[in-house]
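Multiple structures follow.
Note that subunit A is present in both complexes that follow, paired respectively with subunit B and with subunit C.
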Partner chain A sequence: MSTGSPSTQRNTFTGWLLAPGVFWMILFLVAPIMMIVYVSFWTQTTFAINSTLTLDSWKNFFSSEAYVGALWTTLRLWLIVLALTFIIGYPAALFVGLLVKSKTVSTILLVLCVIPFWTSFLIRVLAWRPMLGKEGAINIILQKLGLIDSPIEVLLFSELSVIIGMTQIYVVFMVGPIAFMLGRIDRNIIEAARDLGAGFGRIFWKIIFPLSLPGVVVGAIFVSVMVLGEFATSGALSGRKVNLLGNIIVTQVGSLKWAMASVVGVILTILLGIVVAGFLRIVDLKNEL
Partner chain B sequence: MESKTLKPILAVYVAAFILFLYGPFIVLGILSFQQGPEGGPQFPIIEWSTYWYKHLFGLTPPSRIAPLPVGEALLRSLTLAFMTMVTATVLGVMAAQAFRRRFRGAGIVFYLIVLGMMVPGVLTGLGTSLLANNVVGIERHWWTTAFVTHVVYTFPFAFLVMLAILNRFDGSVEEAAWSLGVSPARTFRKVTFPLIFPGVLSAMLFAFTLSFDEFPRTLFASGRDQTLPLAIYGTFSVEIHPNIFAFGVMTTLFSFALLTVYGILMGLSVRRAKKIAMQEDIS
Partner chain C sequence: MAKNESIFRLENITRRFGALTALDNISFDAPRNEYISLLGPSGSGKTSLLRVVAGFEKPDTGRIHFMGRDITDLPAHKRGIGFVFQNFALFPHLTVFENIAFGLRNGTDDVTDAEINSRAQDMVELVGLEGLEDRVPDQISGGQKQRVALARTLIMQPKLVLLDEPLGALDANLRGRMQTELRQIRERLDVTFLHVTGSETESLAMGDTVAVLDRGRIIQSGTPEQIHDTPSSPDVALFLNRFNLFDGRLSAQSFQGPFGTVPVSYVCQNPKDVYAVRYDRTKAFRKGDALPGPALPARFLASEYLGSSIISFFETADHKQVEVDHHLSFGDPDDYNVGEEYILSWDPRHAIVFGSEVAA
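== the complex of A and B ==
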C-alpha cells in the first residue's frame, strides 16, 4: 500500500469494487448467452447433444409450421399487449402523474398500483381462472345483469384470456415510468400555454405528450422484454393452446432437445435486441433522464 | 376549460383501473373460503368455511385432494432468497460505490449490469443450465445454478437503488473523515453506511422478494429439488382446488408483512438520521 500516487491507488480501489459484480455478470449472464448461441449449432441425438457443429436445428425450426407459428404468435401477442398496456395505462398515468394536485394522493395511487407487483406472480396469473372461467365471476355477473343468456366460453383457455392476463400483470410497468415523467413537467409551461389561449387538446399534443415520451419508451421496453420472454401466463391461461417462443423453449428442454431450445433462445435474443434498439432510437434516454 | 370535465372522468377511470388490477385477487380471496372438500374453485360459494386453510396446514382429515407440496419448497425458497439478498446487496453497494467516481468504460459496465434485469429469465435459465451440463459438468441445484441466476437478476435492482441514493449523497462528510486520517474501511462503517442504510434496506427488500417469487430462471436451473414457485406451477397443470387460492392469500399476507417490516425499519432509520442531524445542529 506504499507505492503509487493517491489517484492510481483510488483507481485500483474502484477496480476492486467493480470486479466482483462485473465477473459475476460475465460468468453467469454473458457466458450463458454465448453458450446458447454455440449450442444452437450442436448435433442433437435422441436424448443427448454433442458438439459436432451442424445447421440441422436451424433448418428444423424454419421448416416447422409449429415453430414459425410460435414466432408469429409471439409477435402478435406482444404488439396487442403493448398497445393495450399503453392505451389502458396512459390515462391512469395522466391522472396520477399530472392531474392530481395533492402529492399525497398521487403517491397513494401510485403505491396502490405497485402493491400487486409484490405479490406472487404465479398467483396473479392463477387469479384469472376463477374470473374468466365458464362459471367464473365475469360470466356470472354478465348473466345476472341479463346482458348474455349463456356463458361466454372464449373467455378462458383462449388467446383472449392470455391477452387479458398479461395486460393486467404488465400494465403497471407502463403506468409507473409515464407517471414519473408527467410528474416532472414544469406546471408553469402548461399555465403559460393556457394563458396564451391554448385548449387542453393542443396543450396535450404539443407539450404533455412529447414530454412524457421518454416514460412511454421506458414503459414499452419493460413491457416488451417481459411479454416476449413469457411462457407462464400463456401456459396457465390458454390451456396450452397458445404457444409462444418461451413455451417452445420449455417443452424442448422438457424433452431434452437442448439444441432446438437453443435455436429458439437465439431467435428470442435477436428479437429482443431489435425491439429494444428500435425503442431507444425513438428517444435518446441518456439525454432525457 | 376542458380539463374541468376531464378530471372527474379520469378519476372514475382510475377507480375502474384499480378495480381491474385488484379484481381477480378479490375473487380469489373470496373463493378461498369455499366449503370443502367438495366445493370447487368457482362460484357459487356453497357454504363459507376455512376448510382450505386448515387443509393447507394439514389439519383436515385425509381426502382425495392431496395437500400442496409446499413444506420443504418453502424452506428452500426462503434460504435461496436470503442468500440472493445478501449477495446481490453486497455486489450492488460495491458497484454503486465505484460509480461515484468517473472511470473509463463506465457506460459499458453500467449496461452490463442493467442487462441482468432485462434479459428474460427463460434465457438466463437455459444458458446457465447448458453451461452447467456441458462445460462445467456439475449437477444443477437450487443453491448453485439457480442461485447465480437469481443474483444476476436482483443485483441490477440493488445497484440502481444504491446509485439513486448515492447520487443525492454529500461526499464532503467522507472527505472530512479521510482528511482526519480515518481509514477508508472505518469511514465506510461509521460515516457512509449509516447514511446509505435506507437504500441498503430497499435493495434488500427488492432482492429478497424478487428471488422468493422468481419462477422462469429457477425452472431450468434448479434441477431436482423444487422451490416454492415451481411447486405452485406444478399444480397448475392438474385440476385446481381452492387450497391453492388459500395459499395465494397466505403468500400475499406474507408479502404485506415483509413490506410492513420494511416500512417500520425505514421509519426508524429516518427518525435516527433526523435525531443525529439535530444533535449536530445543537453542538
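== the complex of A and C ==
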C-alpha cells in the first residue's frame, strides 16, 4: 500500500492524537524513573554526590540490618493492613452494595464513607494521637468502664497504632470498588441460586464472591499502592519506632543522600510492580470494567 | 399421569404494595401436566402472581396449595417449583455446563459428582446445547441462554416450572421457534409449565389453558378456543386484540350503537354495554353492496400486510378506529382508496354483546 492512502493517513493521524499523552508520560514518569535508577548507581560521599557509577549504595542497603529490616516491616505492615482493610471492608461493602435495597440509601452510605476525606490527610492521621494516647479517649473510656486498671501503652507509638491508623484511612478504598461490583450483580441471579436450593453460604462463595472479585482486586491495588509508599502515618503514629521504606526515602532525601534514596525508590517501584502485576493475574479486569 | 388433576391451587391470594393492590383475591386451580399461559397487560400483576407462587414473595392473605400440600409458608427452594427469569439470570462467571449443574452441586440434596455430571449432560442434550458446555453466558446467543435457563431449572425435576415472559428477550423469529421447542420439551417430561406473557398470540398459541389477568384479578380462564371465541368480558376481548369494540346502549333485545340498532339474541353479563365483533368477521363493502348485517360507514386509513392476511384500518365518523382482517386464503383483498368512505358490516350472529340487561 502506498504511504499516501487514506487509511494510512488516518492511522498516522490517530497516532498523533496520542502524542501529548505520550510526551507527558515520558517527561514526568519514564524520565524520572530512569533518572532514579541512574542516580542509585552514583557515588555518594558525606557531603557530595558525583556521577561515577558504583554499586556501593546497593551494597549498603542489603548489608544494613536497618534497611533490610525496613523492607520486611513494609511488607509485613502492607500484608496486615491489606488483610484488615479486606476483612473490615468486605462486609461493609456487602451491606452497602448488596443488602441495602434502596439505591438512595446505598449512595448516602457511600458518601458517609468518604466524609473523613473532607479533612486533610495529616489531620486524619494526627487525630489518632488523642484517641490512642496514654491519656487518650480509648484508654480513658476503658478505665472509666473499669475494664482496665492502667492505660494500655501499646496503643500509641507502636506498630499497632500505625496499623490502626492506616487501616482506618485506607479501608474506604477497599469498600468503594467492592460495593460497586456488588451493586452491579443482578438480584435475579441471587434469587435464581436460592430457588435452585443453594443456601446463603453457597450463594456467597459460588456467586457473590466470585462476581465481586474484580472489585476486591481493584481495592487491593489501591490499598497496596498507598500503603507500600506510606511514610506519614508511620512517622506520626509510631514515634519513629516503625521505619518503612517510605520513611527511609524521606530521611535520606532530608540528609541529601540522593543515591541511597534512589536505591530505596527503585526497590519500592519494583515491589509495587510485582504486587500490581500479581493482583492483575487474579482477574482479567479488561473483561470486567 | 391423569390430566385435569389439579397441580396447584390458589385460594383468595391478595398481595398489596402500599396503596397498590397487585393481586386482588385470586383463586385459581391449575390443571396438572399442561401448558398454562397467563395473559395480562403490563401492570396487571402477572409477575407478582408468579413470584408469589415461586415463593419469592408472600401473599398478604390467602393460601397456596401445591401437589396437595399447603406451601404458603415454605421458602422458594423447598417448594419444588422451578423459575425461569425473564432476563434468564444465568450465572455470568460459570460455564453453560456449570450453570445447568448448579442446583445439583449446591442444593440441599446430596448427589454424587458422577450423577451430577450425567444428569447435567442429559439436560444439555434435552435442550440441544451439545458442544457449548464450556462457553460462558456472554459467548452464547439469546435463544441458547433461554435453553440454559430452562435446563438449569428442569435438572431439579420440578413438577411445576414458572416462566416469566420467557420469550420477551428474544427476537421475533427466534420467539416462534422457542414456542414450539418449549412445548416439545414440556411434553417429554411430566411437568406443568406456567408461562406468563403480555402477548395474546403467544398465550393462545402455547397454552393448553389460558388465564387472563387484569388489575390483579383473573377475569377468565379456559382453553385458547374458549378465550378466543367467547371472551367473557370486553376487557378480555380488548387484550386479545382481535375484536372491534363499540360502546352503545342495550335495551330490550336490541343494541343501539354507531352502526344503528341491531337485534340481539344473547347477552353476556357485564356492567357496561359493549358490542364486540372480531376483526376477521368484520368486512368492508362499497356503497350499494348487499350487506350481511349492520352498516357502519367508515373511511379507509391504511392497511398492513401480514403474510397470511391483510389488516385494514378504517375510521368511523366519531374517530374510532376499526380493523378488518382479511385472510388471503379467502381470495385477493379488495383495493381500498385512502380517505374514501366504505361500509363495514358483519353477520350479527358472530357478534358478542355484553350488557347489564339480560336478553330474554
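To be clear about the criterion, the second predicted complex is superposed on the first by the 267 of 289 C-alpha atoms of A that agree within 3 Å, B and C clash if a C-alpha of one lies under 4 Å from a C-alpha of the other, contacts with A are read in each partner's own complex, and residues count from 1 in each chain.
Heads up, the rule we're going with is that a residue touches a chain if its C-beta (ideal position, glycine included) is under 8 Å from a C-beta of that chain, and two chains touch if they have at least 3 such contacts.
Every value quoted in this text rests on a predicted model; they were computed, and no experiment measured them.
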Joint occupancy of subunit A by subunit B and subunit C, clash or fit: fit
Which of subunit B and subunit C A:Leu122 touches, first, second, both or neither: first
Which superposed partner A:Asn188 touches (first subunit B, second subunit C, both, neither): second
Contacts of A:Gly199 with subunit B and subunit C, given as first, second, both or neither: both
Partner chain(s) touched by A:Ile207 [first = subunit B, second = subunit C, both, neither]: second
Partner chain in contact with A:Phe62 - subunit B first, subunit C second, else both or neither: neither
Residues of subunit A touched, compared between subunit B and subunit C (which is higher): B
Subunit B and subunit C, minimum CA distance [Å, superposed model]: 8
Subunit B and subunit C contact sites that coincide on subunit A, given as residue numbers: 194, 199
Subunit B to subunit A touching residues, read off their complex: 1-3, 6-7, 10-11, 13-14, 17-18, 20-25, 27-28, 31, 41-43, 91-92, 94-95, 97-98, 101, 103, 109, 112-113, 115-116, 118-124, 126-131, 133-135, 148-149, 151-152, 155, 159, 184, 209, 213, 215-216, 219-220, 229, 232-233, 236, 240, 244-245, 247-248, 251-252, 255-256, 258-259
Contact footprint of subunit A on subunit C as seen in their complex: 54-56, 75-77, 81-83, 85, 87, 89-93, 102-103, 106-109, 152-153, 156
Contact footprint of subunit C on subunit A as seen in their complex: 186, 188-189, 191-199, 202-203, 206-207, 210-211
Footprint of subunit B on subunit A - complex, ascending: 10-11, 13-14, 17-18, 20-22, 24-36, 39, 49, 51, 88, 91-92, 94-96, 99, 109, 112-113, 116, 118-124, 126-131, 133, 135-137, 140, 168, 171-172, 194, 199-201, 221, 225-226, 228-232, 235-236, 246, 249-250, 253, 258, 261-262, 265, 268-269, 272, 276
